[in-house]
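Below is the structure I would like to discuss, written out as structure tokens.
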Amino acid sequence: MLVVMKAQATEEEVRAVCESIESLGYRAHPIPGAQRTAIGITGNKSPMEPGSLEEMPGVQDVIYVTKPYKLVSRDVKEEDTVVRFSGSDGSFGSHDLGIVAGPCSIESREQAFTVAERVARAGARFFRGGAYKPRTSPYAFQGLGEEGLKIMAEIRERFALRIITEAIDNESLDLVAEYADVIQIGARNMQNFSLLKKAGRMRKPVLLKRGMSATLEEFLMAAEYILSEGNYQVILCERGVRTFADHTRNTLDLSIVPAVQRLSHLPIVVDPSHGTGKRNKVLPLSLAAVAVGADGLMVEVHHDPDHALSDGAQSIYPDQFDELMSEIRQIAAILHRNVQEPPRVQTAAVKAGG
Amino acid sequence: MLVVMKAQATEEEVRAVCESIESLGYRAHPIPGAQRTAIGITGNKSPMEPGSLEEMPGVQDVIYVTKPYKLVSRDVKEEDTVVRFSGSDGSFGSHDLGIVAGPCSIESREQAFTVAERVARAGARFFRGGAYKPRTSPYAFQGLGEEGLKIMAEIRERFALRIITEAIDNESLDLVAEYADVIQIGARNMQNFSLLKKAGRMRKPVLLKRGMSATLEEFLMAAEYILSEGNYQVILCERGVRTFADHTRNTLDLSIVPAVQRLSHLPIVVDPSHGTGKRNKVLPLSLAAVAVGADGLMVEVHHDPDHALSDGAQSIYPDQFDELMSEIRQIAAILHRNVQEPPRVQTAAVKAGG
Amino acid sequence: MLVVMKAQATEEEVRAVCESIESLGYRAHPIPGAQRTAIGITGNKSPMEPGSLEEMPGVQDVIYVTKPYKLVSRDVKEEDTVVRFSGSDGSFGSHDLGIVAGPCSIESREQAFTVAERVARAGARFFRGGAYKPRTSPYAFQGLGEEGLKIMAEIRERFALRIITEAIDNESLDLVAEYADVIQIGARNMQNFSLLKKAGRMRKPVLLKRGMSATLEEFLMAAEYILSEGNYQVILCERGVRTFADHTRNTLDLSIVPAVQRLSHLPIVVDPSHGTGKRNKVLPLSLAAVAVGADGLMVEVHHDPDHALSDGAQSIYPDQFDELMSEIRQIAAILHRNVQEPPRVQTAAVKAGG
Amino acid sequence: MLVVMKAQATEEEVRAVCESIESLGYRAHPIPGAQRTAIGITGNKSPMEPGSLEEMPGVQDVIYVTKPYKLVSRDVKEEDTVVRFSGSDGSFGSHDLGIVAGPCSIESREQAFTVAERVARAGARFFRGGAYKPRTSPYAFQGLGEEGLKIMAEIRERFALRIITEAIDNESLDLVAEYADVIQIGARNMQNFSLLKKAGRMRKPVLLKRGMSATLEEFLMAAEYILSEGNYQVILCERGVRTFADHTRNTLDLSIVPAVQRLSHLPIVVDPSHGTGKRNKVLPLSLAAVAVGADGLMVEVHHDPDHALSDGAQSIYPDQFDELMSEIRQIAAILHRNVQEPPRVQTAAVKAGG
């Protein structure tokens, strides 16, 4: 921390601030400048917060310096974290991009299988689908619950896709951890610390979405909650933030990708479906996300979005997903990264089965 | 809903959109204009969302018209909701303002009693204090838990103050509902729909804080979750929203007070402590909140904020709270409202006891 | 400035940063902490900006400390600036609030006189009206230009009102400075530095509106441009900022009033008409603005807003303005400030004349 | 426009609103729905704004439908506008991307030539450099003025680069139009309508930057000002918007690229330097901008950013620009677009000369 004194602050005022700092158990380092004095503070340790310095006579401003995250930081672990899955070549944070696709909600076995077959055939290794849906309105479709989870467990077996699905409370978290391969924590729950802690005690990787108005620091601190409970398998996900701009549902903040990669060893993927809310913007923003260096994508795909029970307007058609995979494969290559080809054997099995 | 066609849209395109609307079970009402045609849609009913109209040929824009909230709306109930408490003259939404004061966190029995004695003596009828604290950092003080709730239950008996405290998950909600008079749902949990539904099944009033980037519609829809489960005793609370402005911790949006009062029958109070994050701004913004017509205030008070375990920088001193009460009493009178005087008998008892 | 080093930064890296700082002509002050080293920088002087420190090995972050404004700051002048007008008892920054009222645009002599007569009778000392209108659309009414200025000059003589009107470029600034008493610089021009400098060379006070997304620092720096040219008569005006919130046209940020008053000696008024964009919110937010401590108000009043050529939806009726004046008079009294009574003689003259 | 009535609105109230609409010269189209009635309004024509409908009894909401821009819209001109330059193969909006590079400010002839030689050699066809700098602080370097323009005119001759530079007021606009090939209007002046109109009367193309908090509609309306004066050669430029996010100087909103392309025929380029404010983010965001489909880039390049007089922290080194050109060339190819190769003859001349 740094205390900036006013230009007219007296020596007594500077001394009083230093004494107050020392009385709280820190060390004060006055730095006299041409115009004013600043006072560095070292030895920060929780839980004390020297919150009243700003109100002392002669004080202009108090500036926080030390970043509060630890385990998520490259200060603690310099090399990239790679989230891998036994018996699968899908991963997040490796040379290969992690491509996640599927419908917003699992609506029926038929719908889910139809979409899963197409995304697997296009080369995705991860299937997304909501069983528990956090909806703005209590009157909107809330998801199939455990039935949806069971359908996805079948999809894993049938199409060799790893399953990512959202847990919205402690109850659903137990079930999601049982059926799925990756536990998703949604944007609205990014600061549901109780849920984060419980997810941190699970043995499954967690995909954590950025909150709608979360700063980079808050986003990393939310991940820190999970790591601090012992679960180091965290994948971050940018999904757009809330701004004044009204031409998209959210404003996709692609600059957070290199910003995260600079500070943290955790992988970060991008969700252009929620990030834009409009089908015709999913493809261009997907290409941009790969070009900016994201470790993967999370895309909503639906074979009949007109009749989707949620998020129809932002779901792309399977044919559009084929095109997307083809284009990001080329862009990834330029960045010396890779989008995996469809698994040959699996595709054959699917064709036989479907 | 309203579909706006492009200027060059052909008659066929207009007809195709109308047919698509009707095929989804709605009625289409084309409105030919000088420049372009618009198509009104009636008969909206969940769960279908005609999400793909925007992608049809000739379509310029799709505009949502019908507000999705029902029970919170003055459409359903025109007269103001008043939240009352048996055996107490404190209330929210009546002629009397509901004044809530207390420390951010319950740190100890002594600290809580010291603050409670002062806020009761100044005329507050409601005591706030955190037992479960949603902290950005996992390493920050997380609250005393049930021990904190017990201290507050004692405070209710001793100072005749009604207790408001936050529940952060389903587990703490059960305990809060047992010990407290009002269940607080914090800003970070405004869209924790699982928690909202459970709070909707409780028999205690709920104080719901606006999320950091919640629109008016989302705020009312979150309340709708509580009402839709049968709990009509909801108090809304504005606590500042996240913007680019950096001179305060959040930007207090006082205009939402008349906006809520126009659309909804629910009472709305203002929290200038979180709304500004700075002690020297709590008093002026409290006066402004009363002047704008809020149904009450929620203010952090601490007798020793330098050593507070959380939010010290935004807690005011008891003497400042006395001044605040005196000034808002005068402003309330101008608006033909009332801030209650300290209860005479109670104050005497306190003095004898303390 | 302060450079924060990474936890793993080596001594060589710290030394290299210090040398780079010194090579630019500054002094470096290393502060070793428990976790990491910070380096204070003193001797900041323009125009050099050590912009590349952040890219040096071992550097975590660079934090700017010194505020760049000087003349607007209480560091330079501690006592409040009061803007007064010879031969008038209206002022900004004194014990008396400066109340500015009038139509958005001057549409005709008759319209302007009708409104002026009413706002003068209610006690306003300042009349606002647009002659040059910065409109989002080139097809919207752009103002009467010099004809509008002449009408306002007549109003000054007839009703003893001081005239405030906007200049939108260097050409209109010359005319506004000739006809008006206060030159208004609008929100869209807050960083039109060419216009600010020219206004700084005028002998008339300047009312400077906050830009739609201006930080406090940028707002004060825009004022600094005017003062730096020799014009110290600047009145700041909060008029709402742009956020995600959609229930008002802008989000009125009342907390900037005490924030400005803490840092600067300049008076600050509030415009609740643009700040909300809705007539039914102008009255409550006006009361709030006075309660928060603003030095005045700027309100749009129109006798026939349905037929106004601009901003009809946010203009209040003259009767509502009477009510507003009555209520803010009472609130001002609580804060030991004053809203002036209507001038007796003037009112009589008006009645005789009108 | 559309008026949405309250659920309880009476038939009389609906009728009164319709009559009010018709009395203003429009046609009213009531649409009775299951829950409430909506009223479509056609025949909108300026300058009347039916601003008071929202205040009438029974009215819930008023929704604006018709977009106010005309000339910039694909409604008026479906095919893309291409801005070309006689005697040059550089362009904006064609198959070829328009790549603009150069220092933030022209600081000296030597500095400008050094940078120009490098960006020309890398294949850029456009050189940017500030002669008039809109700086937040009046004490910061304000540019070399006409001397800077003359240096850039020399650069045009020497390196066959087209010159883009900012005009900040009517005076500098005349000079910029004389010396440069493209007139830049900066973000702070996006709603300086006086300047836009004057730029609209020039015979040179205009590059218009998005304002810091401009919506898509406002951005297009600002361009409309230029077109409405007869200048159809407008290039739009996204340069980041202001949000709560603090890890970059602005939040680059790449989704506006496809959004503009859907509504308007004008070309749009992206400025990742101002859009991020950090050198280490310019390269990844440049790749993303090309991938999202932008018609070009505008990048700050400086051979010695440590000693730059402005924006050093966000300027990339010439070697980084070489790398950038190489990578965007590959990405453009995937999108079936092109980044031009360095002109062979010109490069030879440069080498001989430099």
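For reference, chains read A, B, C and D in written order, and residue numbers begin at 1 within each chain.
Simple rule for what comes next: contacts are C-beta pairs under 8 Å (C-beta built on N, C-alpha and C of every residue); 3 or more make two chains touch, one makes a residue touch a chain.
Keep in mind it's a predicted model, so treat the numbers as computed, not measured.
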| item | value |
| --- | --- |
| Most distant chain from subunit A, judged by the mean position of its C-alpha atoms | C |
| Interface with more contacting C-beta pairs, comparing A-B to B-C | A-B |
| Chain centre separation (subunit A, subunit C; CA means) in Å | 40 |
| Cα-centroid distance, subunit A relative to subunit B, in whole angstrom | 27 |
| Gap in Å, rounded to a whole number, between the CA centres of subunit C and subunit B | 31 |
| Two or more partner chains touched - positions in subunit C | 213, 242-244, 280 |
| Complex interface listing, subunit A residues touching subunit D | 213, 215-216, 241, 243-248, 251-259, 262, 275-276, 280-281, 284-285, 287-293, 327, 330-331, 334-335 |
| Contact footprint of subunit A on subunit B as seen in their complex | 20, 24, 46-52, 54-55, 68-70, 134-141, 168-172, 188-189, 191-195, 197, 212-213, 217-218, 221, 224-225, 228, 242, 278-280, 305-315 |
| Footprint of subunit D on subunit B - complex, ascending | 2, 4, 6-8, 29, 31-36, 38, 40, 42-45, 60-61, 63, 65-67, 73-76, 78, 242-244 |
